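Chain IDs A, B, C and D follow the sequence of writing; residue 1 opens each chain.
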Amino acid sequence: MTDSPRSMHSHLSRSSRDRISIRGADLTDDLMGKVNLGDMAFLELMGRIPDEGESRVFNAMLVALVEHGITPSTLAARLTYLGAPEALQGAVAAGVLGLGSVFVGTIEGAARMLQEAPLDTAAHARDVAASIVARHREEGKSIPGLGHPIHTPVDPRATRLFTLAQEAGLSGRYVDLMHLIAEEAERALGRRLPINVTGAVGALASEMRIPWRICRGLGLMARPIGLVAHLLEEMQEPMARHVWEWAEEQVEEG
Amino acid sequence: MTDSPRSMHSHLSRSSRDRISIRGADLTDDLMGKVNLGDMAFLELMGRIPDEGESRVFNAMLVALVEHGITPSTLAARLTYLGAPEALQGAVAAGVLGLGSVFVGTIEGAARMLQEAPLDTAAHARDVAASIVARHREEGKSIPGLGHPIHTPVDPRATRLFTLAQEAGLSGRYVDLMHLIAEEAERALGRRLPINVTGAVGALASEMRIPWRICRGLGLMARPIGLVAHLLEEMQEPMARHVWEWAEEQVEEG
Amino acid sequence: MTDSPRSMHSHLSRSSRDRISIRGADLTDDLMGKVNLGDMAFLELMGRIPDEGESRVFNAMLVALVEHGITPSTLAARLTYLGAPEALQGAVAAGVLGLGSVFVGTIEGAARMLQEAPLDTAAHARDVAASIVARHREEGKSIPGLGHPIHTPVDPRATRLFTLAQEAGLSGRYVDLMHLIAEEAERALGRRLPINVTGAVGALASEMRIPWRICRGLGLMARPIGLVAHLLEEMQEPMARHVWEWAEEQVEEG
Amino acid sequence: MTDSPRSMHSHLSRSSRDRISIRGADLTDDLMGKVNLGDMAFLELMGRIPDEGESRVFNAMLVALVEHGITPSTLAARLTYLGAPEALQGAVAAGVLGLGSVFVGTIEGAARMLQEAPLDTAAHARDVAASIVARHREEGKSIPGLGHPIHTPVDPRATRLFTLAQEAGLSGRYVDLMHLIAEEAERALGRRLPINVTGAVGALASEMRIPWRICRGLGLMARPIGLVAHLLEEMQEPMARHVWEWAEEQVEEG
C-alpha cells in the first residue's frame, strides 16, 4: 500500500482522559449547566456561543419546529414502532426520513432564495422581490416559505419570530426581502400568502449567516424531539394499528 | 364497511387558524421566546414546563449527549451524504440508526436497571446493588452505564451531572443506587468502573420519573443536533471519500 | 500514528479493469444471463450457486416474502414519499425499518428455535418439541412462526413451501421439528395454530444451513422489491395524503 | 366528522382466508415454484409475468446491481450494525440511504434523459444525441450513465447487458440513443467515456417501458441483497470497528 496523502479534519470535538472540548469550549466547565440545548446547537453550527439576543431567537426558531402534531412523519414513526419495537432509533429515523423537500425542506428553499438574491447590487429590494416572484411564476413553482393551509391570514409563529428578531436587533435585509417577496406574491396572485414558519426560520437563519445548504438541518435538529414524544405517546396510547386497519379496509373496499 | 369503533388520541398538539397549543401551552405566547429547546423537550416528554433546577439539569443531560466526535454514527451519516447529497434527512437518519443498544441504548439499560430495582422493599440499598452486580456477572453481561475506554478513573461528564443534580435537589435514591452499583462492581471485579455519561443520564432521568422505555430517546433527541453539525463540516471539509478509499485499499490487500 | 496491526477482509467481490468476480464467480461470464436474482441472493449468502432444487425452493421462499399488501411498512414508505419525493431511497428505507421483531423478525425467531434445539441428543424429537412449547408458555411468549390472523386453518404459502421442499429433497429434521412444535402447541393450547409463512421460511432456511442470525435478512432481501412497487403505485394513485388527513381528523375528534 | 369522499386503491395484492393473489396471479399456484425472484420483481412493477427473453435480461440487470464491494453504502451498513446489532433492518436501511443521486440515481438520470428525448420527431437520432451532450456541457453537468473510474475503456457489465438484450430482441431506439450519446460525448470531450452499468440498465429499463421516475428503484430492489450479505460477513469478520478507529486516529492527527 502506498499510503496516499490524505488529510482528514474535524473541528467539532477533542477529548482526552479528563477533558472534552467542543468547538473550543470545555464541555463540563463551559457548557453543561451553563448553556441550554438551543445554544449548544448554535455552537455546533456556528463555532461560538450565541449572545443573549441570538440565543432567544435561535431557541425560539427551534422550539417552533419541534412539534407539528399528526403528520406523515409522526405517522411513519408510529407505524415503524409497531413493527420494530426493539429499535426506538429506527422509528425516529423513519420519522426523520419524511422531513424532505415538501415539509422542512422549504426552510432551505426560502434561505437559498434570500441568500442568492442580488442584494449587493444597486437594484431596489422591491425590484429584486418582484423579479423573484416573476421567476417562480414562470417556472410554475410555488415560492418557498409562503402560504399555509390552516394558518391564514397570518401564521402566528412567523409573526412571533419576527417580533423576537426585531427586539434582538436581528432583523435586517433578509427579513425585509422576505416580507417584500410576500407582498409582491400577494399582489401578483391576488390572494393572501402569509409568510409561514419555515419562511420565517429561513429568513432569520439567513440573518444569522447560516448557509442555506444546512438550513434543512434546523428542522432535523428540532423534530426528533417531537418524534420521541410521539413514540412515548404511542407506547401509552397506540394508534398505529388503527391507522393500518383502517387503510387496509379502505383499500379492500376501494 | 362497518365502522369499527376506534378511538385515536394524541395530547401533544392542537391547532386552529390562529393558535397552536402544545401540551396545553400556547406555542407563541408561552413557549417561543420564553423557554429554551431543552425545556421544550422536557415539556414534550413530561407534559409540563420544568422548574429552574430541572431545566438546568435536563439541559445539561442533553447538552452532554449532542457531540461525541468521530463515531460509527457520524461516519455512517457522512458516508450516506456522499452518495445522496440531495437528501440531508437521509444522512441524519443513517446516523440515528447507529444509536442502538451498544451506544445510547445504555441509557435505557441503566434506567431500567434502576427503575426495576426493589427499592421499596425493606432491603438495604447496598444489598440491592450487590445483587444487581451478581446477577449481571452470572448472566455474563456488562452493567449498563459503567466503564469508559478513555475517561478513567472518572467520566468528567458524569461528575458534572451529579454535581448539577445535587445543587438542584434532584439527587435521590436512584443516583445513590447507581453509585452503590458502581462501588459493588468495582469491588467484585477488582478494577475501576466509573459511572459514565449514559449511566449518569439514566440515573437522573429516573429521578425525573422518565420511564426507562423512552430513555434511549434522550440520546435520540440530542444527537441529531451533532449529526447536522457533522454534515455541515462534511460539506466544507469532506472526509467520507477518504474513509471509503482507505477501507477499499485495506480490503484489497487483506 | 502507530499503525496498529489491522486486517480487514471481504470475500464478496473483487474487481479489476475488465473483470468483476463475486464470491469467486465471474459476474459477466458466470452470472449475468445465467442465474436469476434468487440464485444470486443464495450465492451472496452461501458462497456457491444453488443446485436446481435449492434454486426452486429458495426463489419460492423469497417470492413469498415480496408482497404483503397494505402493511405498516408499506404505509410508512408511502407517507415518507409524500414528504420527501426527491429521495426514493428514503421511502424504501422507512419501509425497511418496520421489518423488525414483530413481522419478518419471526423468521429469525423460528430459525433460532429450531437451530438451537437439542436434535443431536438421544431425546425423541416430539419431546424436544413439547419442551420448546412448554418453555414458551412458561415465559408467556408466543411461538415464532405459528398462527395467522387471516390464513386459517392453514397458511397456503407454508403448505406450498413444504411441498416444494419435499419435491426437492430439502425437507429434513428441521421441517419435521417445526411440524411437531405446531402439533404440540395446538394440543397444549387447544386451538389451531398453523405454521405460517415465516415459520416455513425459518424451517427451510435451517435445512439450507443459513445461520439464524441472518434469517431476518431473507425478508430484508425480498421486501424492498415490494416497497418499490408500492412507491410506483403511490406515484400513480396516491393514498398517503388520505391516510394522513383521516388520522388527523380522528385525533381531532378523539 | 363529515366523512369526506376518499377513495384509496391498491392493485398489488388481495388476500382471503385460503388464497393470496398478487397483481392477478395466484401466489401459491402461479408464482411460488414457478417464477424466480427477478420475475417477481418484474411482475410487481409491470403487472405481468415477463416472457423468457425479458426474464433473462431483467434478471441480469438486477444481478449486476446486487454487489458492488466496499462502498459508502456497505460501510454505512456495517458501521450501523456495530452500534445497533439488535436491529438488522436498521443496518440495511442505513445502507439503502446511500443509494441516492450519486450512485444508483444515475440509472434514473440516464432513463430520464432517454425517455424525455424527442425521438418521435423528424430529427435524426444522432442530432438528438449531440444536442443532449451539448446541453449537459452548457449546464456543466456530467452525463448520467457514462464513465467509470476503474472499468475502462469499457464496463464489461454494460457490454454483457447489451449483448443479452440483443439476443432477446429487446434492443431498440433507447439503446441506440445511449450509444450515440456516448459517441458524441467522447467526440466532444476528446476522451473515452464508456457506457457504464447504470447507463445500460437505464437504457434497457427504457426499452421495457419502465417509467424513469421509478428506475432508481431497480437499484433499491437489488442492493439490499448485497447489504444483507455484507452484514453476514460483518458478523463473521468485523471491519467496522477498524474503520472507526482508523478514522478517529486520522482526525486526531489531522
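We take it that contacts are C-beta pairs under 8 Å (C-beta built on N, C-alpha and C of every residue); 3 or more make two chains touch, one makes a residue touch a chain.
Predicted model only: the values in this text are computed from it and were never measured.
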Per Cα centroids, the chain farthest from subunit A: C
Length of the line joining the C-alpha centres of subunit B and subunit C, rounded to whole Å: 32
Euclidean distance of C-alpha centroids - subunit A vs subunit B, Å: 22
Where subunit A and subunit C are represented by their mean Cα positions, the distance between them in whole Å: 38
Shared interface positions of subunit A, touching two or more other chains: 6, 8-10, 14, 69-70, 84, 86-87, 89-90, 93-94, 97-100, 239, 242-243, 246-247, 250-251
Contact graph of the chains (line, ring, star, complete, other): complete
Of subunit A, residues touching subunit C in the complex: 69-73, 75-76, 79-80, 82-87, 90-91, 93-94, 97-103, 105, 239-240, 242-244, 246-248, 250-251
In the complex, subunit D residues that touch subunit C: 1, 4, 6, 8-20, 22, 27-28, 31-33, 35-41, 44-45, 55-57, 59-60, 62-64, 66-70, 87-90, 92-94, 96-100, 104, 150-152, 154, 156-157, 159-161, 164, 211, 213-214, 216-218, 220-222, 224-233, 235, 237, 239, 242-243, 245-246, 249-250, 253
Footprint of subunit C on subunit B - complex, ascending: 6-10, 14, 84, 86-87, 89-90, 93, 247, 250-252, 254
